[in-house]
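Across the two complexes that follow, chain A remains constant while its partner is chain B and subsequently chain C.
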Partner chain A sequence: MSEFLQHLINMLVLGGTYALLGIGLTLIFGIMNVVNFTHGVLYTFGAYVMFIVVHQLGVNFFVALPLAVVAGWLLGAAIELTLLRPLRGSDIDTTMLVMIGAWIAMQSGTLWIWGGVAKSVSTPFPEAPLVLGPVSVSWLRLFVLAAAALLIVVTYFLINRSKLGCAMRATFQDQDTASLMGVNVDLIYTSTFAIGSSLAAAAGALLGPVYVIFPQMGDLAAVKAFAIVILGGLGNITGAVIGGFILALAEELGAGYVSSGYRDAMGFLIIIAVLIFKPTGLFARSERVG
Partner chain B sequence: MERCSDCKLINSVRLENHMKRAFRSISAIALAAAVFGGAAEAQTIKIGVNEPLTGAFAASGTYVVNGAKIAADEINAKGGILGKKLELVIEDNKSNPTEAAAVAEKLITSDKVPVLMGAWGSSLTLAVMPKLMEYETPMVVETSSSGKITTTGNPYIFRISPPSAIEAAAFKGIVDKLELKKVDFLVINNDWGRGTAEDFSKMMKEKGITVGSVETMDQGAQDMSAQLSKLKGTDSETIIVTTAVDQLTLIFKQAAALGLKKRIITTGGSQNPDQIIAQAGAAANGTMHLTTFLPWFPDKTPNPEATNYFIAEWKKRGFDFAGCTESFRGYDGIRTAAAAIEKAGKAEPAAIKAALWDINIKGLNGDIVFRKAGPEGKESGQSQPNVYLIEITDGKIGMKTL
Partner chain C sequence: MKLAVTILTIAALASFPLWLRDPYLMNALITTGIFIIGAMSLNLLLGFTGQLSLGHIAFFGIGAYVSALTSLGFDVGLPGGFRIVHEPWPPAVGFVLAIIVAGLCGYLVGLLSFRVRGAYFVIVTISFAEVVRLVALNWVELTQGPLALTNIPSITIGLPALGSLTLRTKLQNYYLVLAVAVATYVLISRLVHSHFGRAMRGLMENETLAVSVGIDVTKTLTLAAVISAGIAGAAGSLYAHYIRIIDPEVFAFINTVTMVIMVITGGKGSLAGPVVGGLIFGLLPVFLRPIMAPEAQWIAYGGVLIVILFVLPRGIVPSLAQRWAKWRSRPRAAGAVSFSERDVKENA
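And then the complex of A and B:
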């Protein structure tokens, strides 16, 4: 029983971070329809920004977090302006290839600058965990869960309740009509990609200190983000959040009670199951086709 | 109909022109390759280095390559081999078995190296092995520890790192002292990890120690909390962990966060204990590690003079001390291959393969002399390196005698 409770606690802290990864990608992949292979690199980037700001510039941990988010926003905007804007309107394959190229180039750049040796970021949280009866959890991970929850709520309201969010949804439903209604389409493209990127960087900045930081850390994270987005339904923020928790639960229970060797396969099994039984994702709203 | 045949005619004329041009450029390239390639061949003796410089094992592979460069520079400073400069042809296998095989093929067929060193991970080395058979080229294996490498009957394999069975045998002597009763395993899900679990389980059972659950983790996995939560609930007192330094760091931190208080012993020799202490902090205290090199206690190594030289050179080049436990393998590996070339008297694969059986050099971790391992008639070479047990206490490394 105590093992089961521990798995549930693990699921909560892991699910929060998966949800954060998922909502960033669902904006870009789901709403903008860009198969964003740089999502994992932006996650890595956020983590390295934390490392630089905390260790090389000596800035406080809590100040470094928003800086990493801003840095992710700027890098995302730069990618949109230089790579995606010239490609707007070209087919999905071309964009995908360019994004794969950007992913490889940026990952190799990280390796070139910082080398392959993993870095770790020290945090102001105590090393001793919070012990609640038979289960325990680290303070850092509780903080990460809280920060992720905050970012998720902010993003939800930004997309579903704000004027900017309304303009975003309108733009990607029908660009011409949105433009005729006075929406600055160029600005919306850049800001959507930048917001999605800043969320990836935020996830990296929060999780970098939990794990260790190395150039390939984003690869598995990106794979999981895609699984979560497909699970929750493209472009659905609530779906991505629930998808994140479902994936975490599947991994925890799969590793705990089935076989740990298949832990990271759970994400793919879920994608396959969803694509067979409910190809629009578990929480997709019914959509007009054509 | 008419148009069609015209088309064909025009196309075939075009094709002919194309082919002529292609032939001309190919022969020009071939000529250039013959001229320049030939010239290069006359000046240097090449050793192919097949290591992970990107991907999950980038840090370790880079350490090994840097160790290899120290050996090459040392050899060249002393006049090279057979009167020629030694040249390392270094290729990145991207921590990916498919790439490792492709790199081996490229090194052998295009760079014409007569001997290879590689390929760090067991799965990487196993992927390279059929290529060695195909091109009849020997390889010095510097890091891999899966038993399969020397037992499948590949006569081109010469391994200087200890297979997990040698590690297990060395560990056998101390299990009574550690009072092991029941152990669990947490191993990386590849040939290295699974092979270690197998060999150590066998040894444990011989000693009457119960083996509980065997958990695995993927090569790039970062969150092992699920596995550790499960191990926290079992009734064993010790966990044997096999993986490289980054995952070890994560495991120690996550085990501490889960309040898991069992004894952890790691195997495989890719722990870089200094990096673990720096990154896992207090969580590393009390952990024990089976390692194959003692850079902290050069005087206790089998070859103190060479060890001191190597460590001094490593520091002089500005590399991180933590990398020593990996890089010495590259240093020893290149010296092994170079000694065989010297002994063979010529840089040819068959002669080097034969000479590898006759070398006897002082490695940083014991004498490198190859003994036969594997099925009769197609034995692989295996040297008998030392294995040590160290313990981290209060952020310091201490030696436990085996």
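And then the complex of A and C:
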């Protein structure tokens, strides 16, 4: 039983960051209809910004986090403006392949500059974990959970309560009508991509210090984000949050009770199962995917 | 004209080993050839049915593992106390089994994944490849996991009058790969120009219309996936017996991307496209190696992929074919127009 509780605690911490990854991707996928293969690179980027700012510039950990989010926002906006805006109107395969090209180039760039050796980011949290009866959780992980929850709430209000969010939702529903109502669709696209990217960078900046950082760390993160998006349904933020926690639970239980080698297979199995049995995602309104 | 170009190209490729004595270059040519076969099989799906499979390396890797395990033998326990013990068989049998097993996997994946299209199809195929990679990594008893399968025997072929021949040298392997590549090219060319090929293209261009004239979508797409996976399995088998060591890294996503880059650069939906794209991207590392670090090369690949998509979205071969057709149909030869339009379609 205590083992199960421990898995639940770990699930909450992982799920929070997975939800951030998923929200970012579901926004981009849903609103722009772009399969964003650079999402994992943005995750890696967020973690490396933490490393650079904390270790090479010697700045405080808590200052570095917002910097990583802003850096992710800027990089996302730059990718959208240079690569996606000129291709507006081309088919989904073309933009997907361009994103793959960008992903390879950026990941190899990371490898070239910082090398393949894994690095760790030191944090101001105490080493000793917080012990709550039968389970224990490190202070860093608690902080990660709190920060992720905060970012999820902020994003939720941004999308559902702000004017920008209203325009984004309108663009998601019907781009042409939104445009006729005076929504600047180009601006919405750039903002969407930038916000999605900054959330991916935030996830990397939060999980990077928990594990180690290396150039390929984003690959699995990207696939997990895809799993979450498919699980939650396209463009569905609440679905992405729930999907993030479901994936984290599946991974924790898979690693705990099946085999730790298959932990990362859970995401893929979920993708395959969902697409076979309920291709619109678990929480979606009816929607055509074929 | 088209036949002449094909024969000249094959003759040129066959003559390479006669004047290229550099073993490094020969090695690059052989692996490039193997990847071109893989790229041609990917093109069958991507270029002729319009389905972008980003899990294609799974079939290549399955072919490699099946062929290697057939020729090495294995001894695994199954749940329930059963054991499967397999004595080594000749590699040529492994080659055939690789095609069959990869084709079967193509059938299963096709059945499951053709329920969805577009981005969803892409993601299912990626997931499939990753699951297979994780199985290869974790089923240590069968695959040796990260320790790799080593000492895979070279292919032995029985020749009618000469007895059997074990292909150990690069020269022999080069001709084997060339022969399989030519056979693949001919097979795909025949397929594409058959009734089945027209059904595939019909689906790609307008699925609803194709259905309305009686084309069975699932059957056509699944058959294309089976053939494509079988060819990829053959390429994987050649790879395993040439390199003679395989580990789960063979399933790396980057290998699929390499094939996709070859197809897109050369021109998807063009028979010669994967060959041209494959020769460019397969041999580029040879020329870039002295001047660039490997990481920088990959940056360049990513960049080239983006530039090609921006500048020549249809790929090199179709663009050249269009130029050639335009040149042939310039005003003084007005009568040639109808021919050249047909040529564009057939060459492309």
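Rule of thumb we're sticking to: the second predicted complex is superposed on the first by the 284 of 290 C-alpha atoms of A that agree within 3 Å, B and C clash if a C-alpha of one lies under 4 Å from a C-alpha of the other, contacts with A are read in each partner's own complex, and residues count from 1 in each chain.
We adopt the following convention: a residue touches a chain if its C-beta (ideal position, glycine included) is under 8 Å from a C-beta of that chain, and two chains touch if they have at least 3 such contacts.
All values derive from a computational prediction rather than experimental measurement.
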Overlay on chain A: chain C relative to chain B, clash or fit: clash
Touched partner set for A:50, first chain B, second chain C, both or neither: neither
First, second, both or neither for A:35, with chain B first and chain C second: second
Which superposed partner A:108 touches (first chain B, second chain C, both, neither): both
Touched partner set for A:226, first chain B, second chain C, both or neither: second
Which superposed partner A:117 touches (first chain B, second chain C, both, neither): first
Which of chain B and chain C A:264 touches, first, second, both or neither: both
Partner chain in contact with A:203 - chain B first, chain C second, else both or neither: neither
Clash-bearing segment of chain C, relative to chain B, as chosen among 188-196, 242-250 or 314-322: 242-250
Touching both chain B and chain C, residues of chain A: 108, 111, 219, 259, 261, 264
Contact set on chain C toward chain A in their complex: 52, 112-113, 115-120, 122-124, 126-128, 130-131, 134-135, 137-138, 253-254, 257, 260, 264, 293, 295-299, 301-306, 309-310, 313
Residues of chain B that touch chain A when the two form their complex: 53-56, 58-59, 61-62, 189, 215-218, 220-223, 225-227, 229-230, 232-233, 245-246, 249-250, 256-259, 275, 278-279, 281-283, 320, 322-323
Parts of chain A lying in touch with chain C, wherever the complex brings them together: 29, 35, 83, 86-87, 90, 92-94, 96-98, 100-109, 111-112, 219, 223, 226-227, 230, 259, 261-262, 264-265, 267-269, 271-272, 275-276, 279, 289-290
Residue numbers on chain A that touch chain B, as the complex places them: 2-3, 6-7, 10, 14, 108, 111, 115-118, 120, 127, 129, 131, 136-138, 141, 211-212, 214-217, 219-220, 251-252, 254-256, 259-261, 263-264
